[in-house]
Amino acid sequence: MSVPALATRGLDKSFGSLVVARGVELTLPQGERYALIGPNGAGKTTLINLITGMLKPDQGQIFLGDTDITALRPEARVKCGLVRTFQINTLFPRLSALEAVTLAVCERRGYAGNWWRGLPAYGDAVEEAYAILVSLRLAASCYRPTRELAYGQQRLLEIALALATRPRVLLLDEPAAGVPQGESAELFSVISGLSRDITLLFIEHDMNVVFRFAHRIIVMAAGRILVEGTPEEIAADARVREVYLGGTRRG
Amino acid sequence: MIDSAFGVLFDGFAYGMLLFVLSVGLSVTLGMMNFINLAHCSFAMLGGFVTVSLTNGLGWPFLASLPGAFASAALVSVAFERGLYRRLYGASELDQCLLTIGIVFVSVAVAAYVYGTIQQPLSLPAYLRGSVSILGHSFGVYRLFLIGVSIVITAALVAALELTRFGAQVRAAVDNQRMARGLGIDVDRVFAVTFALGSGLAGLGGALAIEIVGLDHAFAFTYLISVLIVVAVGGLGSIGGSFLAASVLGISDMAGKYYFPELGAFLIYFVMVALLMWRPLGLFGKR
Amino acid sequence: MPSATLSEPQRHLEAQIRWQPLEIAFWLATLLPFVLTPNHLVLASQIAITALFALSLDLILGYAGIISLGHAAYFGFGSYTAGLIAKWGWGEPLTGLLIAAAAAGALGYVTSFIIARFRHLALIMITLGLGLLLAEAANSAGWLTGGADGLQGVRMWKLLGLFQFDLYGTTAYTYSLVVLFLGFLLARRLINSPFGLALRGIRENAVRMPAIGAASAAHIRKVYTIAAVMAGIAGALLAQTTETVSLDTLSFQRSADVLVILILGGAGRLYGGIVGAIIYMVARDQFSHINPQYWYFWIGTLLIAVVLFLPNGILGGMARLVRLERRAA
């Protein structure tokens, strides 16, 4: 049996009396596409924050491949290949898209500490950044500041920044959040077109998208993993329906 | 006169209480709106000068001038908040610092123009002068008065915060502004009232300060640093934090001046940097 | 690099960092004081020194987004180092300058570990506190610094063995201007490099940086040390050209002044510190004949006006005008 791309063991986190993660055990096989679903407040984004190191767990371990990354700083995990995108656009407003992606490429290649030569001299980094932008159809507006880009383009830029770091495991936090129905399909075709070298975990609310693109689905509720299975198994699971519909009945 | 370690403690605590009255308003409004009002001590200075004008110019008794100091500072602060500050609630920290520093500069210049650059004289009523002897120790009457007033203010603030509805709204707004708004609390109004209250207290502090540290045109600048230290070390939005930080600062300052005069204010700044490195959000900062 | 071998995105980036004709004109204009105002070269050298100091603050404030209320610590440290070296018998200007730069850099490097760990109000207060600490220490160490009287007995040798510092300021201005220009070239290179891009990334979104694998703390430490070196050089220049050092080189007043100067000109625009220094120092020189209180009134009003109406300083306002005109054309 090959080593899973990403695994967590017994992840716990509380803020005082508020428990946001209990004993979370996750295993992501290499090259798979997993969806993480659950009602609001289930702890999905918190889990991503724990895995990427933005939050420190009270207990538990995180493995990237066969490396224990629990003690690593967030930037070190990125260098190992664990990358995430943000649910709310977390971009560089006054940098152009080209500059932003070039920055990510430079960080990866170790150029970001160099202060003697000008940026254009690092042609390989600039070319690589441009190629990523072309593949995401952002090349036409890549010279404009990020804050002038349309919302959908900014969501794509989120992914471009992640791709520039050459991830092995990519965690997408609601990649289509706020994007109108027609455009989100394109976004997901981009995501599904990603190479099988990258293992994907995405948080998503749109069930059509989930059922179309995910190999397996993990359902979270109240900080715990409720159930995991293929889309068909999850669709038929009574507990999942309870967790989603139970909320609306109360409201 | 300082004649013992106990005297240092007493004088230091009194000075600390003065710092508390000056700083508490800034701590709460900073914690609530995250608006860095470096002109806070300009309102304090205003209160001091109002007292000077009322007592020296119009012959009012000192105690009667204190509400005047409070009210004038509160009213002027409302005008500033409405007219100017409101526009910068979402602005960067730097912009807020710069705008309010600009106001400090202007206030210092205006004070110099109107009152000159000398130390302002103040004649205290006879019953506030001199010292009394309690249990064999000598206590300055004015300092006792200062401590008394500060404790009454602290008690009133804490009571208002814990027991009144308005206080509950203030606590909610400090804790989580967005949530408070969602609950239907008029955060803008809460802030405006709290801001006026805090600035009024600063004005009162300015009036009370005249006898302890003196008042001149540069007051708004001179005590800004001390107030900022109290606020940063005590933690934004915390009355208890301000009380503790102000006490520690006042006593350290007095002890430093008495026991290590060569060090000067070195001890204060060292303690502040060390405390902030240990607790960046202040001793009782939120989160 | 010949344009033919660059790709389109490279050419675009290269066009952004190319020398503009206006820049060249500006630097040529800095030679004018020799001809137009030969009696004011001492003031001109003071302006050049202040400009270098403001440029060093721009590196950390305008580009990395670190608000410092204690940057004068490095200016004063460089100033006292250069002054003491001369006082103790070694009056050679250039080596003295280098030693002062190294000393200020060492101080900057050590404090950068503290600076890189904090943000927001805690960072502002810590920079303030560290600056005040150094100023107090200097005040207390009167045996070393001369205390409130300042450092006495600073005698500089001839620059390059040929040019004596004199009352007319010719040597002083030439010296300061050359050092400013070299410092500017260094800053310009830095800003246009991948490191400069990383600094702007930190300023634009400090949260995103670790998420793209950036070691922000290391970047901050590096730029802070470089800025300390530059500020130290400016301070050393002041000590050498005026042959005196006083406590106010370390004061909070000076830290606040340089902040105002940078904001006035426009932070994050490389020339903002220089433009701000020119305007501020010339204005203050004019005002020094009048009541000093009036100075505070007008600088305060100007500061309020800049924040309300010209948030990117004078250069920012001019840039906006240019953009508006371009759109109207």
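We just call them A, B and C in the order they show up, numbering each chain from 1.
Convention: a contact is a pair of C-beta atoms (placed from the backbone, for glycine too) under 8 Å apart; a residue touches a chain by one contact, two chains touch by 3 or more.
Computed from a predicted structure; not experimentally measured.
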Most central chain, judged by mean C-alpha position against the global CA mean: C
Farthest-lying chain, centroid of Cα atoms versus that of chain C: A
Distance from the mean Cα position of chain C to that of chain B, given in whole angstrom: 34
For chain A paired with chain C, centre-to-centre distance based on mean C-alpha positions, whole Å: 41
Where chain A and chain B are represented by their mean Cα positions, the distance between them in whole Å: 47
Overlap residues in chain C, where contacts from two or more other chains coincide: none
List of chain C residues in touch with chain A within their complex: 1, 6-7, 9-14, 17, 189-190, 192-198, 200-201, 204-205, 207-216, 218-219, 222
Chain B partner contacts - residues on chain C that touch it in the complex: 61, 67, 114, 117-118, 120-122, 124-126, 128-130, 132-133, 136-137, 139-140, 252, 256, 259-260, 263, 293-297, 299-304, 306-308, 311
Contact set on chain B toward chain C in their complex: 30, 36, 84, 87-88, 91, 93-95, 97-99, 101-110, 112-113, 117, 217, 225, 228-229, 232, 236, 262-266, 269-270, 272-273, 276-277, 280-281
In the complex with chain C, residue positions of chain A that touch it: 52-54, 73-75, 78-79, 83-84, 86, 90-95, 98-100, 102-104, 106-108, 111-123, 125-127, 129-130, 142-143, 161, 164-165
